[in-house]
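Paired with chain B in one complex and with chain C in the other, chain A is shared by the two complexes that follow.
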Partner chain A sequence: MDIIISGLLLGGTYALIAMGLNLQYGVARIMNLANGEMLVLGGLAAFWLFVFAGIDPFFTLLLVAPVAFAGNWLIYRFLMAPLVRRSKNQGALDVDSILATFGLSFALVGIMVSVHGEYFTYSFLADPLSILGTTVAVNRLMAFIAAVCIAGALYCWLNLTYAGTAVRAVSVNAEAAGLVGINVAKISALAFALGGAVTAAGGTLISTFITLDASIGVVFTMKALIIIIMGGIGDIRGAIIAALILGLVETAVATLIDPGLTLVAAYVIFLLVLLLRPQGMFGRRTT
Partner chain B sequence: MGRRTFMKRLMEGATALGIVSFLAASAIAGDTIKFGVVAHKTGPLAGGEAVTHTPNIEMWVKQVNARGGLNVDGGKKLIEIVEYDDKTNPGEHIKAVQRLATQDEVDFMLSPYGTGFNVAAAPIYAKYGFPLIAVSAITNKIEELSKRFPNMFFTLGNTTGFVEGVRDTLITMRDSGTIGNKIAMVNVADAFGIELADTARPILAEAGFEIVYDKSYPLGTPDISPVIKGAKAAKPDAFVAWSYPPDTFALTEQAIIEDLDVKVFYTAVATAFPAYSGKFGNKIEGNLGAGGVNPDTPAMQNYRKEHKELTGKVPDYWASATYYASLQILEQAIEAVGTVDRSATVDYIKNNSFDTVIGTISFDENNNSDRYWSVGQWRDGVFRAVADTGMGDSVPVVEKSGW
Partner chain C sequence: MKAYNFTPLLLALILLMAAAVIPLFADGYWLSIAVTAMMYIALATSWALFSGPTHYISLATGAFFGVGGYLVGAGMSDYQISFWTMAAVAPLVATVLALLVGLATLRLSGVYFVIFTLGLAEMIRNLVSWVQNNFLGSRGLYVLTDFTDADIYWMLLTVAAVVFALGWWISRSRLGFALRIIGSDEQVAKHVGINTAWSKVILFMVTGYFAALVGAIVAPRYSYIEPNVVFSPELSFLVVIMALLGGIHRLWGPLIGVIPFTLIWEGITISFPNYTTLFLGLTFLLIVYFTPTGFAGLLEKLVKAVRQ
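Presenting the complex of A and B:
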């Protein structure tokens, strides 16, 4: 029971890390290697406002989400859209976007180092709570609840609204979506911006219980990448299920076998998924 | 050639001449003494360097330049720092040192952050004859290294001394009846943690302790609760973690949440950081960690005050003061030699003793200064040394009573 509850909470954390990148790669088709840095920026904002102004991270969330949305929209409009326009196929766009976002990640790390080069960590809601006999931290539980809300909201939006359906259409086939009158450029910008906002919000939430610093973004980008590839690119359900599975497996391995083998377990599952179902759990087989 | 081309060539020539004479003029002026440093501005060790090394360099340069600079060559020369980012990558580090030595032509180098980097940089520092006063370097290979690199000095102790400090603290607590002999020991699965755990196992077993929970976890583990839950289930009397900053914070937070009831709780790196007490407040009263200082000497109090004033940052309670001491040693040696002469400076450091913020420092036949505090304990907002090698001014350790 310990394992299931802790595992689900960890899965929720992973989902927060991965959902944003799923939107950015699945819909806007941008392999955003600066995703982790966006997450850390969200965490830095929470740290600054909490330590220097005593502002609750949940309130910071309300500030971070729109600012990140606007920022990512601008990044897409001025940095990514030209790459999209001039690339002749997805492969070329992948290469271009990887290079561009890689450079962007360095720029963001540099900015964060000059603002605050040390670790940012603070204590918020680090209180114990007992759920079905398991002790959990309130801050992790809150992050899990927030992850559930964000995932739920995204899922409803994607499946029950016109705009969301347009986003799903673009993720299935951008060309065909264009043919039925969907403004692909606008939808891509929207998805990219939304993905960035979700990631930054995730960063704000996880900064309450994970120690971050300016350089740790790359670790989160890699984790997010594994999760979305495992879950299948483009479908939000895939990212969430993969994140939960990863959280449960890692916690099970750490508790029952050895905490040192969590990375091994994660990569073994990843390998299995790639070998048996390369398009990911909910992905479409590429034609 | 046409008139246009002629004019263009003329302008280019004039500009080139101008640049060359400007450079020549500033080279001849040469009224600064250049110190090179290859820092981890980004990468996994950036957080630690930003607390322990960087502010000390800033403070030292401000202090020395405020009094006109270093006394060399019959006059005073201001200190100029040339700094590069190695992204915590040893390959980049070596390239940057090479560049500082050959292109920037620095006079001296300051030691890098991290055992691995001091060891990796040793050959190239030796090649150019730079004195290397290693601070953030804890290794059992001191004799071997100083034989190969006679310009390398050590100030923070070796791995065995580091572990023995913990063992002695545990023995003291056991002898006073505060704890039994069951230890839960965890380590980060990185060279640092693995080496310490491997060194600790035989040392603790020999001292009669039983390690009831012995696990490692990957660096950057997001959820450390299985480790704490597992340790708690083993019902230990003491908890020892050979940890790095992110996990030091995570383990402590989890221990608070799980209410891990031990009278001895030790985490390694970052326990001495201001951010540690900043995050946990008085919950960490009685926590043990790597380092510690004697905060009562006038030199130390003055150092901590000036550090905050000149850099806006609080020093840590471990290697910060030692790094500042290494800068003081370099300063005193250079001024004693009187001129920029690296090998004479190395000889001077070898053969003399120095008055520093952590007391009198001198180096033995293995270039080792065997005077350092090894274990500290948070008492009333100050991380005091409770175990040391060669310092003699630690205070007795007390038990931790709850969170």
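Presenting the complex of A and C:
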């Protein structure tokens, strides 16, 4: 029971990060390997504002999201769009964007290490609370609730609004979306920026219960990638279920075997997905 | 068939001889830099054998290198097996690992492959540490040999020469031709009857073999082997960056990337140790936005401009 509850709480926050990456890769077609650094930046902002100004991380969230949105929009506009224009096919774009975002990721880690090389340790709402006989920290629960709210809002926006429909159309087929009068470049930039904002918000939430540091981003990038591949690229519903599964499995392995083996567990899942269902749990087999 | 042009071969032999006598002149500090450079030349060139024609970015170098170094350490320290036996066995283990990774990922698109190799070194490190701590007792592994830096340098030079010869041979073989077609259009390659997955897997096994062999040869340099040291994700990135910086569309491309980068990298690690990551990131961006074909591409453009 302990494992199930902590696993689900962890999975909820993973789902949010994976949603961010899903918007960036599924819609804007940019494999953003600097995604984890966006998350760490969100955490760093929460840490700083809390330690130096005593600002509630949930209030920081309101600040982090628009700033990350603007920052990621600029990244797309000035760094990614030229790559989209020069690449002949998706394969070439993947190689270019992977290398460029590696560069971005290392540059961001380098800057963060020189700014704050230590752990982002702070204590916020670390009070125990009992749910169904299991003791959980209030911050974990609050982060989970916030993640569910953000994910829910995003889901409704994608499915109920005109702009959301355009985003989904680009995700299904960018060329066809252009033919029916959708401004693909603009929607891609929007999706990339939104994805970055969601990921940074996830980082702010995670920093309330996991101690981050400047170079931990790649771990989260890896997890987000495994989740979106497991759920099917571009599939929000699949990503949520995949995130919950990963959260559960990681917690189970950490509790029952050894906390050092969580990455190994994630890899086993990854391998199974690649071998059995490379198109994702709910994906349809394409060419 | 046109007549063989012997100039490149002659040039290669002269370079090889020049490289072979370096330890007779250089000593201490410069020799150790030469060993590092030779290690990266072998790694980056063998990396480019696979990634050059296929455009699949492999980040598994650190994992294979670690397998080589760790197995040499474990074999010599725990089982008193000779260095030579382990140096022969370890690359074979890495080749099998490459086969498995290749079979799981290379049938799919390049993105899956990059992602899988991204965490591979770290994953194996976690697994090895766990096995070592729980079942073998956390003893350190000592690699005690009487090799000098010069011996290691000559061994690495031999490996590098073999990699170059192999690369030259592959580029002229059916396999090399198949890989170039896969790199320019995988659909076309499939339609003309190339077994794309196997071609990629075989080349990937070759790079895995050499990365582990280099890891095994370099192991005596560390003397004391720990999973944290040999399974370094940073190594994978350094190899990628040096190869791309030099240019991966030519066999000699990585060579002209490794030498300047190793010197600059040494300088930065000593003078500005806090800025190595930032430097790595900026170099990546430099490559993508300004020199996508590397130094080799720039050089060729220059030569063309001069001739006109």
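Points worth noting:
Criterion: the second predicted complex is superposed on the first by the 272 of 287 C-alpha atoms of A that agree within 3 Å, B and C clash if a C-alpha of one lies under 4 Å from a C-alpha of the other, contacts with A are read in each partner's own complex, and residues count from 1 in each chain.
One rule holds in what follows: a contact is a pair of C-beta atoms (placed from the backbone, for glycine too) under 8 Å apart; a residue touches a chain by one contact, two chains touch by 3 or more.
What you see is a predicted model; the values in this text were computed from it and never measured.
In the superposition on chain A, contact is made by A:L10 with chain B only, not with chain C.
When both complexes are overlaid on chain A, the residue A:G110 reaches chain B and chain C alike. In the superposed pair of complexes, A:L246 makes contact with neither chain B nor chain C.
Of the two partner chains placed by the overlay, only chain C lies in contact with A:M222; chain B stays clear of it. By the touch criterion defined above, A:D258 reaches both chain B and chain C. Once the two complexes are overlaid on the shared chain, A:D213 sits against chain B while remaining clear of chain C.
Looking at the shared chain after the overlay, A:V84 reaches neither chain B nor chain C. By the document's definition of touching, neither partner reaches A:A45: not chain B, not chain C.
Once chain A of one complex is fitted onto chain A of the other, the partner contacts of A:V198 are absent, as it touches neither chain B nor chain C.
Touching of chain A by both chain B and chain C, each in its own complex, is seen for residues 109-110, 113, 117, 215, 258, 260, 263.
Those residues of chain A whose C-beta lies close enough to touch chain B in the complex are 2, 6, 9-10, 13-14, 51, 109-110, 113, 117-119, 121-123, 126-128, 135-137, 140, 206, 209-211, 213-216, 219, 247, 250-251, 254-255, 258-260, 262-263. Chain A meets chain C in the complex at residues 31, 33, 82-83, 91-92, 94-96, 98-100, 102-111, 113-114, 117, 215, 218, 221-222, 225-226, 229, 258, 260-261, 263-264, 266-267, 270-271, 274-275, 278.
Residue ranges of chain C in contact with chain A, taken from their complex: 55, 57, 104-105, 108-112, 114-116, 118-119, 122-123, 126-127, 129-130, 134, 186, 233, 237, 244, 274-289, 292. On the chain B side of its complex with chain A, the touching residues are 41-44, 46-47, 50-51, 54, 88, 186, 189, 215-218, 220-227, 229-230, 245-246, 249-250, 253-254, 256-259, 270, 273, 275, 278-281.
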